[in-house]
Amino acid sequence: MSDRGIIRENDDVLLFLDRKRTFLIKVKPGNSFHTHRGYVNHDDIIGKKFGEAVKSSLSADFMLLKPSVLDYTRKMLRATQIIYPKDIGLILVYSGIGCGSRVVEAGTGSGALTTILANFVGASGKIYSYEAKSEFMEKARKNLERAGILDRVVLKNKDVTLGIEEKDVDAVVLDLATPWKVVPVAYKALKACGVLVSFSPTIEQVINTVEALKENGFVEIEALESIVRRIKVKRGQTRPETLMIGHTGYIIHARKTIKEVIQ
Amino acid sequence: MSDRGIIRENDDVLLFLDRKRTFLIKVKPGNSFHTHRGYVNHDDIIGKKFGEAVKSSLSADFMLLKPSVLDYTRKMLRATQIIYPKDIGLILVYSGIGCGSRVVEAGTGSGALTTILANFVGASGKIYSYEAKSEFMEKARKNLERAGILDRVVLKNKDVTLGIEEKDVDAVVLDLATPWKVVPVAYKALKACGVLVSFSPTIEQVINTVEALKENGFVEIEALESIVRRIKVKRGQTRPETLMIGHTGYIIHARKTIKEVIQ
Amino acid sequence: MSDRGIIRENDDVLLFLDRKRTFLIKVKPGNSFHTHRGYVNHDDIIGKKFGEAVKSSLSADFMLLKPSVLDYTRKMLRATQIIYPKDIGLILVYSGIGCGSRVVEAGTGSGALTTILANFVGASGKIYSYEAKSEFMEKARKNLERAGILDRVVLKNKDVTLGIEEKDVDAVVLDLATPWKVVPVAYKALKACGVLVSFSPTIEQVINTVEALKENGFVEIEALESIVRRIKVKRGQTRPETLMIGHTGYIIHARKTIKEVIQ
Amino acid sequence: MSDRGIIRENDDVLLFLDRKRTFLIKVKPGNSFHTHRGYVNHDDIIGKKFGEAVKSSLSADFMLLKPSVLDYTRKMLRATQIIYPKDIGLILVYSGIGCGSRVVEAGTGSGALTTILANFVGASGKIYSYEAKSEFMEKARKNLERAGILDRVVLKNKDVTLGIEEKDVDAVVLDLATPWKVVPVAYKALKACGVLVSFSPTIEQVINTVEALKENGFVEIEALESIVRRIKVKRGQTRPETLMIGHTGYIIHARKTIKEVIQ
């Protein structure tokens, strides 16, 4: 962030009109940004503080917000379906990670979950992110770079089911089509008591993955679904919103134990 | 954590029988821990590795898990209703915090949310936690000490509605009966674009708080409810569980903007 | 229905292509019905049986279904938001009605709920339906006529809050903006132990109505919300649908008791 | 119901204290009914009106409600898990039945769903209810008799998968462990465009049943789950209830078409 909250050249700024209309721009002298509510001159932004408003050519007020890590994920180039905050929240809270954690992720996809994980392990942590498709990986690389957290991420253009090179990692986070095939290699990569968290849209993926976890030395296996409703709050007219996201996927989490050696 | 995962005297260990039967103990030579499935000698635990199992006197296998931050919150002395992982997840993901963040929390309650927040801001961050009731605060202090994160927390036995002493904090997290009364002082304490997140059980609290946020220079105000279902996974008999937690509370989050100065 | 399931002139037929593409037509010799999948000649339908298929000019198979009462409500001219099956189901099950029941409804709206209620009270029952807006009433009249149940309905172009003319009715069903204002007149119209059921989108309507019921001699007052998810069933890819209706409204039901006479 | 709402000997009365404490009694001169809030003399009830209150020996007010069909199902001798109103509501609304309908049900279980169906088909309709276990059937018979609707029900102590004897029925309603095995015989029993509705707790039952419906000439197949939340309404403290029923089962409904004859 710029000193004392002053916006300078090359800063990322989130232009905020309302919850559904936000725009992520990089400030460049001489540029302007066009919306249906008029254009905004970048020169009018430079020197203002984050949190202030700027007027468009049509006198609309755009708030100048400092982009959060979540904003970066929302504005990413999309290679795949981007994971929702509700699911990220459960992954975070059950993953057991914190500042300094080393986490294996697969697949990288668009890098949205990677970005959030990288934020929460901090500069002293590391995300090792596997992605089999090179075109996804390149998109993710751009997204991570823009979000400013690429230095915390090791991108690996490999099929994770063939093996995980890291050892004693704190957590393995899966968002791919066949998580059950990754369970054995995840087991090897995890430290004792390390956590595997997996996200899957279908119930059959859940059944296969839970079975694999049971057979591979994991305990405290739990399969959850998070449903989040947005409430329309207005005194006298308060109600949940009419349309909602009904389902994105299930979250499974489990902890590694040391399997007994049979001699 | 002990070197190389070996359990030593004074280590905390989570004895895990199944998801509903877990016990958090501090290992002391000579002690034993009694359960309905027999007793476990602490001396049998010392020298084992985290992730291994120990047999009780009745030959039940107890897994020896290294307690996670979530485990500590589950085993806390309870002063108040303890916040659920589903709600913590949303608070984390919307709070905008990360390693090194400075966060104001109110009220401390049992210290469960404090513990999770302290985990995610890391050793370089700080949680300033306000609690008006001194008996809650003392319980929280014990809980935070046990969880090993007390050094990241500044406990303040004060009524937060009377003022927040910190400035330019990254986030304010509220879990108290009248969050709308804290909105003006939270505004002053927050840095520009900082986040306020509030948890409330009733819809009237939500309406009052959203109105206060609108009147006090916050934008991107969103009120959400997270509903989490546990899925009973067994091939041929898979289904959501019969009983569930139907409601804990609503999460509101919003970002501070700089209110225009009228001259 | 035509004899032995044979489709004849003037019969209503539901042309069914798939769940989202159904068309309600009245069969007229010489007519044709045009769709994006080709046209269907009515003459090709006459003489076929309900349940059989007919081919369009583009060789698409349209099933010839006998319209159910629910089909009629789905194809109605809409004056207002049409109530959903999930909510109708709760209204039916809690209303206490059956064949021969006398029910007061307000407001009529498009007549969708009227149609379902008329179906379930049968030819020996009666629905007295109040609607203040004459333009809604006329639309409803057409809809009820088309559904073939107008003879079981007495349409009343009156403001129900000013009074209900019927006495000793079995149930009062409300779907209007201010149900709490109708509670006192509903009390007078109901037989002892008769049921009031009310549908309202907002929580404030629910609070006002529950308070009015408590003050006006009703017991067993319950406020419910029904959330229905559609499951996408395909072996190997089974999951709840991505988008769902998040909220339509709340259902309140209560039973009338005889208030004590204070002398 | 007794004339003019006067309670007489042998009438069923629901003693209502609050939503969770209701008692179904048959009024007998000289009898008394004992509760933790004192006893109620039946003689004090006779001659009162339905909807009035009676005082217990400890001065508690018990409302004298005329039992609804739903009350009878709640007070049944239970052979099996009793189906919930939320699921009954969906079954009713999608079944296409009404006064005079002929419906096949399997299995009878405790007869709760049978009772509701019998209420809605009325005196001119008929429910043919199959139950393989004779001990369930006898319990159901007692329940149906008490509810006063046994004359509308034909109880059949048979395994429905071996065949349905009725023809051209309006609907087949299934609540048994292997609904997919009943689909072929249900097809034969149904009239064209008749409806099959099935209730199943597990997702695997749903998958099997939907596949069987697709293979057996049914269209408009839909699998739904109804989730009902109870709202605790109290001004200033309004919120969904903490504990809720998370899952009972899925509802599938579909309509019979006439399969093409291949020559």
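Letters A, B, C and D mark the chains as written, and numbering starts fresh at 1 in each.
The definition used in the following text is that a contact is a pair of C-beta atoms (placed from the backbone, for glycine too) under 8 Å apart; a residue touches a chain by one contact, two chains touch by 3 or more.
Model, not experiment: these values are computed from the prediction.
Participant: For subunit B versus subunit D, which are copies of one sequence, does the interface use mostly the same residue numbers on each side, meaning over half shared, or is it different?
Facilitator: Result for this pair: same.
Participant: Could you give the separation in Å between the centres of subunit B and subunit D, each centre being the mean of its C-alpha atoms?
Facilitator: Computed value for the inter-centroid distance: 44 Å.
Participant: Distance-wise, how many Å sit between the C-alpha centres of subunit A and subunit D, to the nearest whole number?
Facilitator: Roughly 47 Å separates the two chain centres.
Participant: Suppose each chain is reduced to the average of its Cα coordinates; what separation in Å results between subunit C and subunit D?
Facilitator: 21
Participant: Which residue numbers or ranges of subunit C touch two or more of the other chains?
Facilitator: Residues 203, 229-230, 235, 238, 240 of subunit C each touch two or more of the other chains.
Participant: All pairs of touching chains?
Facilitator: A-B, A-C, B-D, C-D
Participant: Which of the residues in subunit A end up touching subunit B in this complex?
Facilitator: Contact set of subunit A toward subunit B: 5, 16, 19, 49-53, 63, 65-66, 68-70, 85-86, 88-94, 96, 98-100, 116, 119-125, 191-193, 195, 203, 206-207, 210-211, 219-220, 222-231, 233, 235, 238, 240, 250, 255-258, 260.
Participant: Can you check the complex and tell me which residues of subunit A touch subunit C?
Facilitator: On the subunit A side, the touching residues are 201-204, 229-230, 235-249.
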